[in-house]
Amino acid sequence: MLAFLDDPKILHGIYVLGTLTLFFIGLYGLLAKRHLLKVLISIAVMELSVYLLFVGLATSPGETAPILSDGLTEFAGMADPVPQALTLTAIVIGLAVLALGVSLAVQYHRLTGKADIARMTELKEL
Amino acid sequence: MMHAVVDSLAMIGVSYVMGFLFYGFYRQLNARIQRRWGPSIWQNFFDNMKFFFKSETLSHGPMFFFGPMIIMAGAFTTVLFVPFLKDSTWLQGFSQYGNLILIIYLLVVGPLGNALAVGSSGNPFGVMGVTRGLTRLMGLEVPFFLGLALVMLQHETSSVHAIMAAQDGLANWGIVTNPVAFVVILLPFIAAQNASPFDVVGAPVEVYAGPRVEFGGRLLGVLMTQNMMMSIAKLVLVVDLFLGGASNVLVLIAKAFSLFLLTTAISMVFPRLKTEQAVDFFWKVPLGIGVLAVILTVWLPSWSA
Amino acid sequence: MSAMLRLLFFVVSLSPTLLLVTWDGSLSWALIDGIRLHLTLTPLAGFFLTLLALAAPLVALPMLRRPCDWPSLVLYVLLLLGMQLLLLAGDFVSFFVGWEVMTWSSYLLLLRSSRADMETSQSFILFNLASAFLLLAGILVFFSLTGDFAIRSLAEPSLPQALTLLALFGLAFLIKVGTLPLHIWIPSSYDQAPDAFSAFLSGSVSKMGVYGLILLPTLFPDALASFAGRFLNGPAFGYLLAWVGVITSVVATFKAISQEDMKRLLAYSSIAQVGYITTAVGVGSSLAIAGALYLALVHTLVKVLLFISVAGIVLQTGQRQFKDLGRLIERMPISFFGVLIGIIGLAGMPPLPGFAAKYLVFVSLVDARWLLLLAAMILASTAAFIYCYKLIYAPFLGHANSPGAKEAREAPWPYLVPQVILMGLLVLFGLFPGLAIDVLIDPVLVGLQMAPIGAESWAKLTTVYGGYDGVVLMLVFGIAFVLVTGLFLLLRGRMRRAGSPYDLSFAGEVPTADTPLHYGAGMGRELRRIPLVGWILRQGTRGFYLGLAGQMRAAAALLGNLYVGRPQAWILIAVVVLAASLAARAMMGGL
Amino acid sequence: MTLPLTPVWFVALPLLLAFASPLWVRYRLLMPLLVGTPALLLLLAFVLLPEVRTGPLLETIVIAPPLGIHLQLDSASWILVALISLAGLLATAFIWLSDAEPYLRDRRAFVFLLLLIAGCNGMVLTGDLFNLYVFLEIAGVSAYALSALRRDASALEAGLKYLIIGSVAAVFFLFSVVLIYLQTGQLNMAAVAARFGGIPAPMQLLIGLLMLVGLGIKAELFPFNFWVPDVYQGSHPVLAGLFSGLLVKAFLFVLFHLVFLLLADPQVAGLWLMGLGATTMLIAEVVALRQEDMRRMLAYSSLGQIGLITLALGFGMQATTAGGLFHMVNHTLVKLLLFLTAAVLLRSFVSARLADLAGAGRARPLAAALFVLGALAVMGLPPLSGFASKLWILKGFAEAGVFWPVALILLAALIEAGYYFRWIKVLYDPNGDLKAAAPVERMAYVPMGVAAGLIILLGVAPFLVDDLFIEGAQTLLDRGAALSAVLGAGS
Amino acid sequence: MYHKTQCEGFQCEQAMLEVPGDAETVREGVLDKLIAWMRQRSLFVLAYGTGCGAIEMRPLMTSRFDAERFGIIGAATPRQADVLVISGYLALKTLRRVIRSYEQMQEPKYVIGLGSCTINGGMYWDSYNTVKQVDRYIPIDIYVNGCMPRPEALIEGFVALQQRIKQGGKAGYHQYRENIDWYKANQRKALGEEMPPAYTYDWYHAGGVA
């Protein structure tokens, strides 16, 4: 039933649509939500969509994970390993940034009692 | 050397005598116009001598004393730098060392020196008079100089000698060859003579006699003398520039006198103007004529050429 | 230590002199990317270097007076170095470097004054930098035409090129000399600068603009002549420049008359004087350039003299307004003579050299047949008598009007020595009007490939339009003066000194110290009643420039709204820009 | 064992030292190492210089190209690396010598500062797009953390704002990297460059725009630079100086490196960048006119200069590019000097507001004098270094006969003068009587003095270094040589 | 000089008021005579008019009376004037101004009293404020009496003054200078605190007696 998904074009199209939707959801959250954590989450969602896109489009149906293990000693039939490696790295980095952001946000909230991005007005044009 | 000394003394003498006689005549004529007898023609001489022999003279300090001396020296210098006669070795003074522009500036050296004395007296009315005088000078000098510049341009020199020499014969007189220039300078010339209607500066009943308010006794005599001599110097200058100069003293007196009559006639029938009125007048009428003259005699020929 | 440093500073202030004496050959210094600074000394630059050499040590002397302001001294040295570089410049880059060093060091010197306010210092630096940047733009255009930075004449530029260059260079130099309507920075900055430094600003720094203006025609040898053709007997383009100069003179003169402050008056008078020079440059004939150089010489001497005298007055009395001074002639006689000689030179009265300079300019105007200009110039120079008189009357004559003026003593010697030297120089040049022509001006004219004026003897100034003899003039005047004074003293009768300054004929009234007897402040005010003068005095460019500054601030506020502190707005803008450019591309090119 | 002197140390050394920081705390080596690392890197840069001038140093780690971590030290990146080390040295020396606030002297600051240096060096050196992203994030994270280091409301706000906008930029950049990889299957810049022309035009545009937004935000180009004043104002001035002097320069370099490398014909992109640069410059200078806080004013001025550099580099001629690179160096020195001065003033008078600094010139004459020097240099007045580089740029434009940038640059300089001289005037206000609230270590003036000395030296004798910049410009602009150096001849 | 020993009380005052006139002949040379002649031909008049006499002075300069033919002409300031004409009565307030103006005139200087008021106060003799005898305060050379005298009478007064100047000899200003203490005492009596300042005459004492 879902065999049409095996067509890489269609699958990739779905991936593109889905990740773009995710991206715009993130963008929407980023632009419209005022709570600091929501903003950070939105950024994370956007990043996530990019990762998904990367991994998704770099993989065609039928390819296996590029892991050399029992019996698998050749790179044949495997997905391109580079995107996956890179995505992993990116996820780590994104996590670090997110962690930093959340910690800053928490501290900010503790210090000022504010968590509203629109009310961060300490720094402004005089 | 001796010649120069004698010549200088003669020039000073001539200008002095001409000065008081002309002014005496002026007062006579003025009286006659007003249907009265008026003073004698020597009256200015008497006045002058009276002041010279006043037994008391008040001074307000060294500068106050030197002011009249400067103005007198300036008058002497001016007289000596205006050639009285043409084609003659006499009554030339040091005019070959000078030129028209220098003479025009020399005419104001003295008054400015005297202005220092007036300031030094500490009388505000005197200073007010000086300011008025300088203002009037500012007004009159523009058309006056413009007229003289037209003459300089006509003869392409600023040497009075050369301008005089170019005017041999009635047909070559400046007043004939360059009548507009004469018209331009005429009214400023009257003002330069401190004559009515531009005499508000030193008029006796205006701001308390103007610059001379503090001068009395012999110093006032000095001022009077220089005024008469300076007037003659200016008359002679205009005679030199427009009436072809004079070859002997009698002609000089005749020409100067006729010019004097002309200016007197004008000044006697007009009432006194306020300073700013006078300046405004100079910048409108004589200067306007001057600008027209420049356009007519300088611009148009160059364009048509 | 301090004494050594002072001595060192004074020696440095003599550096233009040393340079003038010892300079031969040329020097060059690599800058960057093939740009080299070439230093040579042209006759024209030599002339202005002479002016600098005259003024620099004389201004340095008062600055050395204890307690001296060390940063000022350092900046003064920098300024001197910059100006020397500017004058020695054989290429435009070093010219510009010198120009800029001069600009900012003089600005910082201006800040050393306790009176400099924001508006003044801002207008000073902004106008000067505008001038510098216009100059730089001109230099770059020039460079793009010739391919290098050497200062040399440009062969056959096309009309737009020449016009662009003229506009850029011309504006740059006109701002520096301060012609109308670009003069607004001058009066207040000359007024508010440290007192001794004002002398240098007016006497020397403004001359650099003149240097540029005179240099300008040499860049386009025929441009001035061939550009718009000839008008009467002179270049038509110069006719415009001459009018700019003369209108500057007229307006500045009337503004000077209406000033209430000594230094402001001198500042406006500077503008007027430089306006004459601009006029002369506009005429452009050999006579006129000689006149311009002569005027520059006289103006340097006179303005340094006057500003130093005034600085002495301010130092001793603490007052600078005309209404607060008076009767200093008895207390500061040497300064009085300084100002006296100064104003005689300033007014261009014979026998001082101011007359010789003006004579040359007048004659050149007659020669060019530009008589209307001549008339306007006469207006300015006769109106100048009024402010000259005000300048000497209000501080020195009349009545002392403040405790400072009543108790002042003669200025200290660092102020007097320069004054005496300058007075001597002025009298010397006055006696020998041919001296300056022969020694200083003719070499420049020859260097500029113009006909030299020539002088039969040093005593004589000779032109094709006639001349005069300074020695004879001075002798006649001197002998007449001595004779008159002698004869006067021989007359019978007593001279008596008034017992009190209040012994005045005052309509029978007895004036006292409370009577307003000093006419210093109001002098010239009545000139407003003359319609033209009143109109001129009512006009001003300050409003325009303030408005411009206000518009800039409004623009800053408007654009500043973009920089609101809201991250979401930033992101939105970024995304919108991204989308918009994609969309635009899609619409235009089709994806 | 001999350590080979390779470019990798520029990244590795600070990273290693940063991660070993607990050790240094124990042995009280934190400050010496903080200063020593950039000093060492600077030394290394100069040791490598003769080699670099003969040809680019390539360093490939792990896998053979096109895969692997790929570092490339050529004449252009050498300038940036040396600059980063120098700026790091001056800033850290200031932190050490001025006895700065404790939060700048503890372990976290140490780590983040070194990471910042490592990240910047990595960005400049890397030949690989994804590594670029990684280094970009390393530099970014350390910058966010640094600006929030003070842990008060304004610092945290600055850090958060920086983090949000920086992350968005990173997402956009990552997006473009992903697209490139999907299109070309390559991440090595040279390899990508070789195939970039094969990508369909709309995709090229999309990639380009995404990259522009990502790097534009980081490199502070209008209209992506609205965050800059806030962050600079909230951070400690020294850190702001580092951001402006080192981080932005690295991003800018990366931006242009990519433009010149990827695009066979960078004309159109260059023109767009020039437009952006000009807009950035003018708007920033105008807005700076009414700033009342010194840090904000310096931020806007920094934007203006960035715009100028963009304008110069975007033109893509050798003279303007060399001038632009030179101006990068000068601007780093100058801005560092100015921000350090601001730090001194802020420390002395508690406030950095215009009204509170009236007359500061008498209480802190040296700092004020250095501010004046810096201001003169930033406006490009001779004989300071700003003039030499500006002249170079202008000369480049004039040579090409393009005059609108000349006019804009001069106009911007004039506007710049409008506010800098306003500040100078206020610093020397004769009526203000300020008393310094806190003393300043004399030694703090040493790094500032060094910067000032360099500014003067480079202004008077720029011919000492102009070869370097010419070579740098040639390297940056010579796409073919860059490609063949990595991919081998004939590719 | 005024010495108490020579006379007493009213006698002294009478003596003071007598202008020496021709009684005392002065030795004069030709030059002095010439100068005196020129002086009388040129009289600059400072007209001090506070009373009705001022009305009578104006016609003097008009065409009808034409004083200029005698060399008489108005002067604006005391510095330039030779003759001070006091027309009509003086009030105490104006007396001060008159004294000041008189002292500011440059010698030789003369005073003409115009009308009865200057002699005895005229029709205002009983006012507290009127100066009855002007010559107690400043010396008067010529009185022209009448209330008011016509311009013709004034001209006659001027002519008489001219005659007197031509003759030479001591005039009012000599007397003022020699008896300055007496005049000042009188002035002080009348003016009290309102005396004009001393610097205009104190040089009389410093060996200034001519």
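Lettered A, B, C, D and E in written order, each chain numbered from 1.
The working rule: a contact is a pair of C-beta atoms (placed from the backbone, for glycine too) under 8 Å apart; a residue touches a chain by one contact, two chains touch by 3 or more.
Remember, it's a predicted structure, so these values are computed and weren't measured experimentally.
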Point to revise | Touching subunit A and also subunit B, the following chains | key: C
**Study point:** Chains in simultaneous contact with subunit C and subunit E
**Key:** B
**Study point:** Between subunit A and subunit E, the fewest steps along chains that touch one another
**Key:** 2
Exercise for review: Going by C-alpha centroids, which chain is farthest from subunit A? Tell me that one.
Suggested key: E
Practice item. Could you tell me which two chains share the largest number of C-beta contact pairs? Key: B-C
Review point. In terms of Cα-based centroids, which chain occupies the most central position?
Key: C
Check your understanding: Centre to centre, by mean C-alpha position, how many angstrom separate subunit B and subunit C?
Key -> 34
Check your understanding: How many Å are there between the centre of subunit A and the centre of subunit D, using C-alpha atoms for each centre?
Key -> 29
Check your understanding: Taking each chain's centre as the mean position of its Cα atoms, how many Å separate subunit D from subunit E?
Key -> 97
Revision key, fill the gap. Multi-partner residues in subunit D (2 or more other chains touched) are 161, 164, 168, 229-230
Study note, to complete from the structure: The positions of subunit C in contact with two or more other chains are 496, 498, 502-503, 505, 507, 560, 563-565, 567, 571
Study note, to complete from the structure: In subunit E, the residues touching two or more other chains are 77-79, 104
Point to revise | All pairs of touching chains, each written as two labels joined by a dash | key: A-C, A-D, B-C, B-E, C-D, C-E
Exercise for review: Please name which positions on subunit B make contact with subunit E in the complex.
Suggested key: 27, 31, 34-40, 43, 46-47, 49-50, 53-58, 204-205, 208-209, 212-217, 220
Study note, to complete from the structure: Within the complex, subunit B is touched by subunit E residues 35, 38-39, 41-42, 44, 62-64, 66, 68-71, 74-80, 82, 104-108, 210
Practice item. Spell out the residues on subunit D that touch subunit A in their complex, using ranges where they run on. Key: 67, 130, 133-134, 137, 140-141, 144-145, 148, 151-154, 156-161, 163-164, 167-168, 170-171, 174-175, 178, 181-182, 185, 187, 229-231, 233-234, 291-293, 296, 353
Exercise for review: Mind listing the subunit A positions that touch subunit C in their complex?
Suggested key: 27, 30-32, 34, 39, 117-118, 120-121, 123-125
Check your understanding: Considering the complex alone, what residue numbers of subunit C touch subunit A?
Key -> 560, 563-568, 571-572, 575
